[in-house]
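For clarity, chains are labelled A, B, C and D in written order, and residue numbers in each chain start from 1.
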């Protein structure tokens, strides 16, 4: 059973991720009053990219991409989707936090070896942005962990299943709000699409990616979408009893995110930092203080 | 998609990929670029054909030469073309790349672009309408189906000639040859 | 295997290698290497022994005692191994320097005195070895001339301040209990009054906090790390700085004992709370200052300050989990910081002492082993899973969260996330990006530098994947302090509130990597291209000017640089200036004019008589 | 049973006989002090075991005290005379090669006189006799300070002379007053009769005597002569002045305070005075760029430390103080001797002129470094156990006040460390500018340095060597009744 889960979870996540990418393009097109590509367009792109001859700038350039995709796949195993959570008892939230930063780190290492300033600028923006949203995110997660007195995300989900969603329960309400405020930054969609600003720095870290590198990077992007949303759903929307409900919740969150993405322009990096370190952080800290007061 | 589409898919997924995801490098050489924004935005929406502009040649497989090509631009065009991963398709847009067009007697523009890089298709006219781009794209599909969009192979096999032309134009080039200049002829296709 | 023999080997090795250097220099390096390696081997045989024996009675009737137990062995093992590796690393690094005999003497002397510190069974020998360590380190920090002098001055003055306060503390112990024997004191002291315990904690705490570079007493560290010879940084940053940690463990858990030491003090200002908060501040501030550095060694120095904060956080709350985390982090930090300094040293050795991040780059193609060392080093520093740093940090975070200190946990975590930024900056600026023209022909590091780096890299992975190996030892230390034992398995720690199982993660990562590799292999093979062949909008790449390093995190810099400066260091410099002025002012009292001098004499006499007649004090 | 009188008589006699030897041969003159102090040192060592059992009292001319002049060779006296003999011997050996020009005969004669006077001061049991020997010491040292004969030497000698004269006159007045009060000059006798007198009438002579002696002992406001004198004398003489002369002055102060007046209620004042002296001395030294002035000021600081230790007035403290005194003699003597040759080599007294000395004269620099470490009080050198004892004694009082004072004292140590390490850095870690060929001090200069280093190391590693003598000396100072009994029988 465990083996089946281990094999099943990443494939599901992959499908959902690609579906999200396609859905994103379709919905954006409709918001733009266009017809839009077929929903399978990302798959076609990936197939095309895999069939193209790519160039490599060195071993780290290759290994970085592979490493980052691999880490995203591993991270899937830590996230409960419904009841499916293969590696539930291997470190819990902290491991998730750390593995979450591995994927961008791998991309950063490989993009760094490309010896292209656009890549370096994109990476510096990416890491800065990560620092920006980790400040409130860490406070939020710590509030959740302190409230439920556990590090294991599975326990958090089951506790919410027994009582009520964290988003609607009193002590974690503000934390949930803060999470919603930083969710676009975590997903890397507009207004926080600073890392791969195609018009400024020609798609940042991916500037030298072509062929199968770009294919892997695209898949990894899909998985990132999946992970960011799944984490939110698990922590604040009470996870789910079974996968369909879970994916339904994720879909809702994602579509809301898409509307934000379509509506807002891109911020500059320091604007983004100023925003992230002001309101979400403030709200998150208040939430944490409330949690502490209730805990006492 | 109809049935034989799906059968084609299963026969040659890679080829279908090339057909239906043509990512165009967004490279403005001349006035022709004016026509591209309407094409990719809501009015004509090229994305439904899978054609979207991308930022870097590494990610692209379609190269639209939009408008006249000055000598200086040609250098950039050649580098960009060589950086695109093959299979890659080139389309000359407007009459200037074909024969110099209204700049036929300019000292500073290229008259025949395909002396320097291989071109898979031409869009005549000054300016061509955006629909012409869609015609070109659908035509490119048929060429790809018939394996006739083989500009990159021609470039590979006749590289010494192209290189010779380029060097004749520019003098010494500051980047090394893309392919070894010897033993060209035997490796067509 | 007696401890005296160990110390004789250690100190004798130091002196003999100096003599060999004077007599026949060609056998000095082999001798130094052999002696230090032999020391490490002998140390390994000491595992699990507990013994105690006085070795010298001559000092003012106080017997000087050597003793060993699991704690001492743990530190001594780390010291001797890292020392041996540093000596091996020095082989080529100092080969063509001047006064290498002096260098080896001081290096081995510092090592030996550290061993003396951890084996010291009473405070006199502890203090004596502590002082020997201090001045040998001072002489070695000043070894590079120029700016190194100021660094050495800072170091020695601060460590004199520390040892002075430690002297007061230990002699007050002596004055009250009439003994300096640690085992005896650990029976007597816990019954002392809280005020006296706080007094002790403050005095010893100053000494150990200075050595461990706990803010606000950290000011000596960055310059000392930056200016001392890089081959000595291994010893200096790895264990010598962490003697402060050993001291804290000694005073808190061995002498006073957890029962009294924790929750000592009024209300919220408990001793260990203040310690923990200092640790947290240290982490955050030093992390962000490290982010602003452009000098590789300064950067590592600041990061070392921050890591010290983690250790303090770990041991501050006296839970077996946190204690294990703190001690384990001491070891892990030693391993990876030494590795990082070694890779910097290799780069310096090849690029003519270049350590300015902005002017290096692209060296991955030239020095792959150093790059792997640096990569694993920063992985451990960040605490990436499957490297050793992760396990210890995991323990510390878990302690803080479950003890209900989310703010401290937040400080620790944000320290880690800032650490990612400067770690990436470190690796990117040195090894990634465009290779400058003048480093095109750089050769890879010599074997004597590659060997220690490879060993340490393997150690990082080993402790990361099988953390149980050291954790079992640390667990016995914790139980010797009277905590309940942890449920340590070979690959992690099992408990009901979130277990850690590294082998699962390892298996998953390996499997995922293999799968992704296969998928990647399915596609057409990627053709390697030169570094000049990158996308620059079709233009040719400008040589040497296409590497984006300067002001790497520019927006972030602009945000944080007004708030994160080394204010305390600046204050210390000011303080020195003020002292200078005060001294000059006082000197003016001795005017060269004889009349004034006679006047002083007469005034003194008159004052005495006046006071007596007026108040008749005497 | 040898007679302690020889300790004074031999150098004194040789001093006056020295010109006669000079008539025989110029070359043997400089060996005479060596011979004299070898004899003295052997004699003092020979005396120590007897003295530890029972203080030796010698009546000059057979009159028993309090009527006759007498010598009291107690542990303190013998300890000091041994120290004087040791330092005198080593410095005399040093002078063999160091004193090359100038009137050598006079130098050696004055040198013998100086040390004979010092020995007399520490051995005599009669206060007027003490004054006389004190004058011998002072006057010969005035002359020796001016030995080089340059302007600075003369000027500082004059300053020293004037202040010393003022001090001596105060001392003489005080002694006169005491004689008028009690009609006796024997210390023990005085000590016996002091209680009977009214406090104020005793106080004035006490203060006069303390001030007079304090000038020589370099206690804070009275020590203005010291930096000039020590810095402009020949280095060998500087070594003796700050290694012996001020210690002897301090001995006199302590003897007067403890034994004659037993002024226990002034100790607190002296503790403060000591700390003040220490801090001011160290701070002035910190502000110096001239090596000899720096060392001189640092001797002021050390004197302050010793005064503080003495003023704690417990047996620990006195042991520590005496030990610190010994370690200061060794360390400062070594420093001045080494500094002498470094100045000779670099031709300047500026610290910055010593750059690269570690390469140019390695052994000398090493000796200097060891002396500096020892004075700062780093193990395993002799400075450490002495400081250890003092701190322990201060903390054993278990008073907040003394804890604070010892904190200040150790702050002084920090400053001391600062300036000594600065010099060490200059010696070793600055590139030598100008000539840098290796040329060490001559053998006659190196021998005393090596012996000093040996003493510093041995006493630092094995303090038990001297601790017994120091203990009994401390007890002699502490228990005046026993002193009185042992003298008056």
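A few points about this structure:
One rule holds in what follows: a residue touches a chain if its C-beta (ideal position, glycine included) is under 8 Å from a C-beta of that chain, and two chains touch if they have at least 3 such contacts.
Everything numeric in this text was worked out from a predicted model, so none of it was measured.
Common neighbours of subunit A and subunit B under the contact definition above: C.
Relative to the centroid of every protein C-alpha atom shown, the closest chain centre, again from C-alpha atoms, is found for C. Centre-to-centre spacing of subunit B and subunit C amounts to 59 Å, using the average Cα coordinate of each chain. Inter-chain spacing, taken between the CA centroids of subunit B and subunit D, is 98 Å.
Each chain gets one centre point, the mean of its Cα atoms, and the points for subunit A and subunit D are 79 Å apart. Mean C-alpha position of subunit A lies 36 Å from that of subunit C.
Counting partners per residue, subunit D has no residue that reaches two or more other chains. Among the residues of subunit B, those touching two or more other chains are numbered 56-58, 83. For subunit A, residues touching at least two other chains, in rising order: 50-55, 202, 207-208, 211.
Chain contact topology: the protein chains form a pattern that is neither a line, a ring, a star nor a complete graph.
Which chains touch which is summed up as A-B, A-C, B-C, C-D. Subunit D meets subunit C in the complex at residues 158-159, 162-163, 166-167, 170, 199-200, 203-204, 207-208, 210-211, 214-215, 221-222, 224-225, 227-228, 263, 265-266, 269, 280, 283-284, 286-288, 373, 376, 378-380, 384-385, 388-389, 391-392, 395-396, 398, 403, 406-407, 410-411, 413-415, 417-418, 421-422, 425, 428-431, 461-464, 467. Here subunit C touches subunit A in the complex through residues 362, 364-365, 371, 375, 382-385, 390, 394, 397-398, 401-402, 404, 406-407, 409-410, 413-414, 417-418, 420-421, 424, 427-428, 432-435, 492, 497-502, 504-505, 508-509, 512-513, 515-517, 519-520, 522-529, 531, 533-536, 546-549, 552-556, 558-559, going by the rule given at the top.
Contact residues of subunit B toward subunit C in the complex are 27, 56-58, 75-77, 79-80, 83, 174-176. Interface of subunit A with subunit B (complex): residues 25, 29, 32-38, 41, 44-45, 47-55, 198-199, 202-203, 206-211, 214. Taken together, the subunit B residues at the contact with subunit A in this complex read 13-14, 16-18, 20-21, 23, 41-42, 45, 47-48, 50, 54-59, 61, 83-87.
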